[in-house]
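Below, each structure is written out as structure tokens.
Heads up, the next two complexes both have chain A, just with different partners, chain B and then chain C.
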Partner chain A sequence: MARAVTTRRKIINTVAAWSVALILFFPILWTILTSFKPEAQAVSSPPVFLAFDWTLQNYIDVNEQRNYLKFFWNSVIIAVGSTLLGLVIAIPAAWSMAFVPGKRTKDLLMWMLSTKMMPAVGVLVPIYLIFKSLGLLDTRVGLVVVLTLMNLPIIVWMLYTYFKEIPGEILEAARMDGANLRAEILYVLTPMAVPGIASTVLLNIILAWNESFWTLNLTVTDAAPLTKFISSFSSPQGLFYAKLSAASTMAIAPILIMGWFSQKQLVRGLTFGAVK
Partner chain B sequence: MTLTIRALLGACAVGALCSAAVAETITVATVNNGDMIRMQGLMADFNAKHPDIQVEWVTLEENALRQNVTTDIATSGGQYDVMTIGTYEVPIWGKQGWLVSLNDLPAEYDIDDILPAIRGGLTVDGNLMAAPFYGESSMVMYRRDLMEAAGLTMSDAPTWTEIEAAAAAMTDKSKEQYGICLRGKAGWGENMAFLTAMSNSFGARWFDEKWVPQFDSAQWNATLTTYLKLMNEYGPPGASSNGFNENLTLFQQGKCGMWIDATVAASFVTGKDSTVADKVGFALAPDNGLGKRGNWLWAWSLAIPSSSQKQAAAKTFIDWATNKDYLALVAANEGWANVPPGTRTSLYENPEYASVPFAKMTLDSINSADPTKPTVDPVPYVGVQFVAIPEFQGLGTAVGQEFSAALAGQKTAEEALAAAQALVTDEMTAAGYIQ
Partner chain C sequence: MSTQSSRATARLMLSPTVILLLIWMIVPLALTLWFSTQRYNLLYPDRQGFNDFANYTRFIATPAFTAAIINTLVLVLGVLVITVVLGILIALLIDQPLWGQGPVRILVISPFFIMPPVAALIWKNMFMNPTNGLFAEAAKYLGLPPFDFLGAAPLASIILIVAWQWLPFATLILLTALQSLSSEELEAAEMDGAPPVKRFWYIMLPHLARSITVVVLIQTIFLMGIFGEILVTTNGGPGSASTTLPFLIYKEALLDFDAGTAAAGGVVAVIIANIVAIFLMRAIGKNLDA
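Up next is the complex of A and B:
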């Protein structure tokens, strides 16, 4: 009887999980399918799921109109650069908050998170003017800096959570063995927090890759990443849905593939310390 | 002087010479539409005529473009040398001194050839602040076959009463055939472009001469009530989320008897993707006999921000992209039907262009709009389907959301109008227009 209940529950859980996954993935699947449709069939009513005239023309058109690789490399540099810079700043910060907390550490953490609550557009003009004065408009360095600043609270918070799970005694033992602060962080703390750091890196790369407000507003041509590539195919007056879908598919494909291959690490890191 | 220093100086001199010979690069910000894509495809002609100027394109979705170029020009960012802007921005930015006058374009450019209505919308204090790349108004596009089947004839200049009768006659919801398709999606450039233009023909206006909002007037009530009746009784389901593209799709698939929208849609509904391409007729936007029609006026235009460091090269590009030769170039490569419409008188005098089925109605529609006197009663603003003040983008979208909610059945017309009156009054008071 108990086995029957367990089996039934398993089936229900599996069906529920697949249903949720399908619902979440459906918009992406639809975008990919639309990218292979002729423009007329991309907007046909009722919509066609698979029985359409499959074509690669949209991809050809998109590549003829824009230099995909230029946008792609900008996205890679900006996403990876902002993530690495963020880690360099966040690891020591999270270490101090986790292992040598002060009276106001909690308040400081909350304050850092609260900066994410302000709409980005509220600081657009000041940041634009600062970037203009520093010559950082339309530069990859400028975007790396601004995306680091935008994602730093999340990185610090995530690392702080992971570091808190590591027993302080291990670090004390390292200190007693003569490890200085640098060695303690580099050779003891960091290896133990690898799953957490890996998931932080992955999440930050995804956030930076998909960020569209700053990347659209602070770039023109030289540093324009894939968000600008997608935007260039959107039009409120004219039917370009299939081309827009092709551009979107090309833009999300790298991050989708990366997410697919690293999902184990991502899930492991995100659930780190959740189950005891 | 050592050999090394000589070599270095020599390298510097060669470098300086090389950089002088390198072409000047200008950055052009533009929207993604058929005419702009076509222009990018014809750049070989510009490059051949002006090898000393390279053009970098930044193509963006309309709202993203507007935010980008507004930030840049307001902060004198200098990131763009040519901006694609509309008739809404030109009067505001021109007055701020943010745009370079184009009055000194070469004589062959023939500024006087620009259609007067379009030129009027792009001129500030006697200075042409932007050169029109294409111009548009709005008009009625209708199914001739359905009108014939209903035993009706569409006049060239219909009234709203005729439109309602035609919509009723062509509606057959059991066949998914709707008498009329209109914009319902909220936004200052979406449903409010249509409704503001429509309200002009009902004698309504956004503000009186003292900037007091007028949504509590009988004219606005008549406008919104008529719109809601047309859409609820003869329109497609879910119309509150329909914009230009959604209605274009419905019309191309034969589901709309009439569609009142931008004149540029004419080439789409008669194009290869349309299932009703050979059955489409055109008429002026409707009126109510008050002297104003329900059509708008818009021109995507090329302008040079004052912050550009390459104004001469930018002017050369604008000259090429908007002069008579460019129209001939497009015609030679893509056919007359694909020439950017609505900018030059000479285009409409060309007998070859006159054979394009929607040419005359486009010209008549543009000519019947007057952005400087858009309403029956006097107003303190310019703009047919918008009010050329910086606050309008926010106001138009907020009011559009109220009207879209009324279309979705979440509010009555009276409630939507009262809400619009209250929110516009608050904003205009806060902005200092109402003392």
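Up next is the complex of A and C:
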């Protein structure tokens, strides 16, 4: 007997599940709607849901008056830069642990993971002082380095769990055919590992884009990414709901869409392969 | 399959990662330990030297310290309870046969991708604001006085915001675990006449146990470091009502410029995190063999 359910039951499930989903999504929906309202209607009482004078003015204002694009590019450079740099360092490491495992491989993996457990505040003082003396405060280079190191264990782990699933015989066959190590990695392993690498990249960009400890504490204006930009709206003066909403919508849209595509791999990446 | 030379190459390929992580782990931590024993105020860089662990006694004696430890615990536990309980319920609901499972999943997971400052400011301004937030509007509609969420119940409000962000994470992982449960086992129980509550208690919950552990442990690591949400909503206040350990350390370091005391606080945070980490590592390590 298959788990047949009555249509009635299915309707109840559907209504319940959609209600929960819409409640959870509502703050995001409300922000997107508010971003299209004139500033006066954004705070009108009672609130207007859809019947307002739709406008793009907030997006124009945020771009022109607040220099949104600068912060956006900082976010892109920091998130993509730290991900690519991490990938270059992590691919060889994950390769060697997956295909030439030694006695200590497991200990090594656990140790890498343990570096992730170190609370950021625990090293705030020295990192801040080191950055200050090296002139790295408020630079994109500095943030790329910190976020790379912070996320390196996750990148190595994710790649490792994907590489483990590639049968080693294929690599051996390539080697028999005379492929050297470089060719083996470039032409045999990498194409097979593309899906795994892609989801590692996606997850890491999401994490780096939303990182809100180092990006807030190590930047002022020059290298400030969107996290810092949005935080500047927290002061009561100059607070405009519609503009805040427009800036927020632009800040979350790219990541939200990437997240929707990567939700399956997300589970695996965030649980270090413990849940698949 | 590995020969001597391939082993050497493997070690070579591993070394950049290992060396970088070693530096990243040891240098700042050693400096934190060193600073924590030194008199070190960024405003008076010439006054230095060992100060008999006064930083530790000063940090622990700060009136906000006890509050910060309690607030951190309440925040972590509060969010954990909300996300795990609701996460199980929502995962069970979405796992049922229904129309539009894909879109429902997408809507439910969305809050997880919102950057902390955005999440916090949306809630602070558009929902919790006592003059024109949506909650105040709803209260007005019902004829109730508006409630000043972040002023009157700052910690509870932050718990609500953070739980909203992390509920999708718990739900998604528990849903993934639920979907790997074999339906035969459930059908067998159903045929034997086990009521839904018993099926949940004796079959589903034990199956979910490991995922719940993973959710709890991973969330704990992230929740202990919650920072951005507090910075943009309450700034730790009123008083120290929503000051957590990370926030207290940030205040000492970057607002009071007392690097020595902040470093001592950092050492305290590292010790607490390590205790949690030991449990997490065990849970994940066990799985690595499988």
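As a working rule, the second predicted complex is superposed on the first by the 183 of 276 C-alpha atoms of A that agree within 3 Å, B and C clash if a C-alpha of one lies under 4 Å from a C-alpha of the other, contacts with A are read in each partner's own complex, and residues count from 1 in each chain.
Just so we're on the same page, contacts are C-beta pairs under 8 Å (C-beta built on N, C-alpha and C of every residue); 3 or more make two chains touch, one makes a residue touch a chain.
This is a predicted model, so every value here is computed, not measured.
Visitor: With the two complexes superposed on chain A, say which partner A:A40 touches: chain B (first), chain C (second), both, or neither.
Guide: The answer is first: A:A40 touches chain B but not chain C.
Visitor: Could you say whether A:L129 touches chain B, chain C, both of them, or neither, answering first, second, both or neither?
Guide: both
Visitor: Examine A:D138 and indicate which partner it touches, taking first as chain B and second as chain C; both and neither are also allowed.
Guide: So A:D138 only meets chain B here.
Visitor: When the two structures are overlaid on chain A, which partner does A:T221 contact: first (chain B), second (chain C), both, or neither?
Guide: In the superposition, A:T221 contacts chain B only.
Visitor: Please work out whether A:S231 is in contact with chain B alone, chain C alone, both, or neither, and reply first, second, both or neither.
Guide: Touch partners of A:S231: chain B and chain C.
Visitor: Taking the superposition on A as described, I'd like to know which of chain B and chain C A:A93 touches: first, second, both or neither.
Guide: A:A93: touches chain C, not chain B.
Visitor: Does chain A have more residues touched by chain B or by chain C?
Guide: C
Visitor: For A:A17, using the defined touch cut-off, is the partner it touches chain B, chain C, both, or neither? Pick first, second, both or neither.
Guide: In the superposition, A:A17 touches chain C alone.
Visitor: Once the shared chain is lined up, is A:Q65 touching chain B (first), chain C (second), both, or neither of them?
Guide: The first partner, chain B, only.
Visitor: Go through chain A and flag every residue that touches chain B in one model and chain C in the other.
Guide: Residues 43, 45, 124-125, 128-129, 216-217, 231, 233-234, 239, 241 of chain A touch both chain B and chain C.
Visitor: Going by the contact rule set out above, which residues of chain B touch chain A in the complex?
Guide: 27, 29, 31-34, 37, 40, 56, 58-62, 64, 67-68, 71-72, 74-80, 189-190, 243-245, 248-250, 252-253, 255, 262, 264, 268, 273
Visitor: For a test of understanding, state which residues of chain C touch chain A in their complex under the given definition.
Guide: For this pair, the touching residues of chain C are 1-2, 6-7, 9-11, 13-14, 16-18, 20-21, 24-25, 27-29, 31-32, 35, 90, 93-94, 96-101, 103-119, 121-127, 132, 134, 137, 140-141, 164, 167-169, 172-173, 176-177, 180, 183, 186-187, 190-191, 210-211, 214, 218, 221, 224-225, 227-228, 231-233, 245-246, 249-250, 253-254, 259, 262-263, 265-267, 269-270, 272-274, 276-277, 280-281, 283-285, 287-288.
Visitor: Help me check something: in the complex, which residues belonging to chain A touch chain B?
Guide: These residues of chain A touch chain B: 39-40, 43-45, 65-66, 124-125, 128-129, 132, 137-138, 216-217, 220-221, 224, 228, 231-241.
Visitor: If we count contacts the way the header does, which residues on chain A are in touch with chain C in the complex?
Guide: For this pair, the touching residues of chain A are 1, 3, 5, 9-10, 13-14, 16-18, 20-22, 24-25, 27-28, 30-31, 34, 43, 45-47, 89-90, 92-93, 95-97, 99-100, 102, 106, 108-110, 112-130, 149, 152-153, 156, 168, 172, 181, 206, 209-210, 212-213, 216-217, 226-227, 230-231, 233-234, 239, 241, 244-245, 248, 251-252, 255-256, 258-260, 263, 266-267, 270-276.
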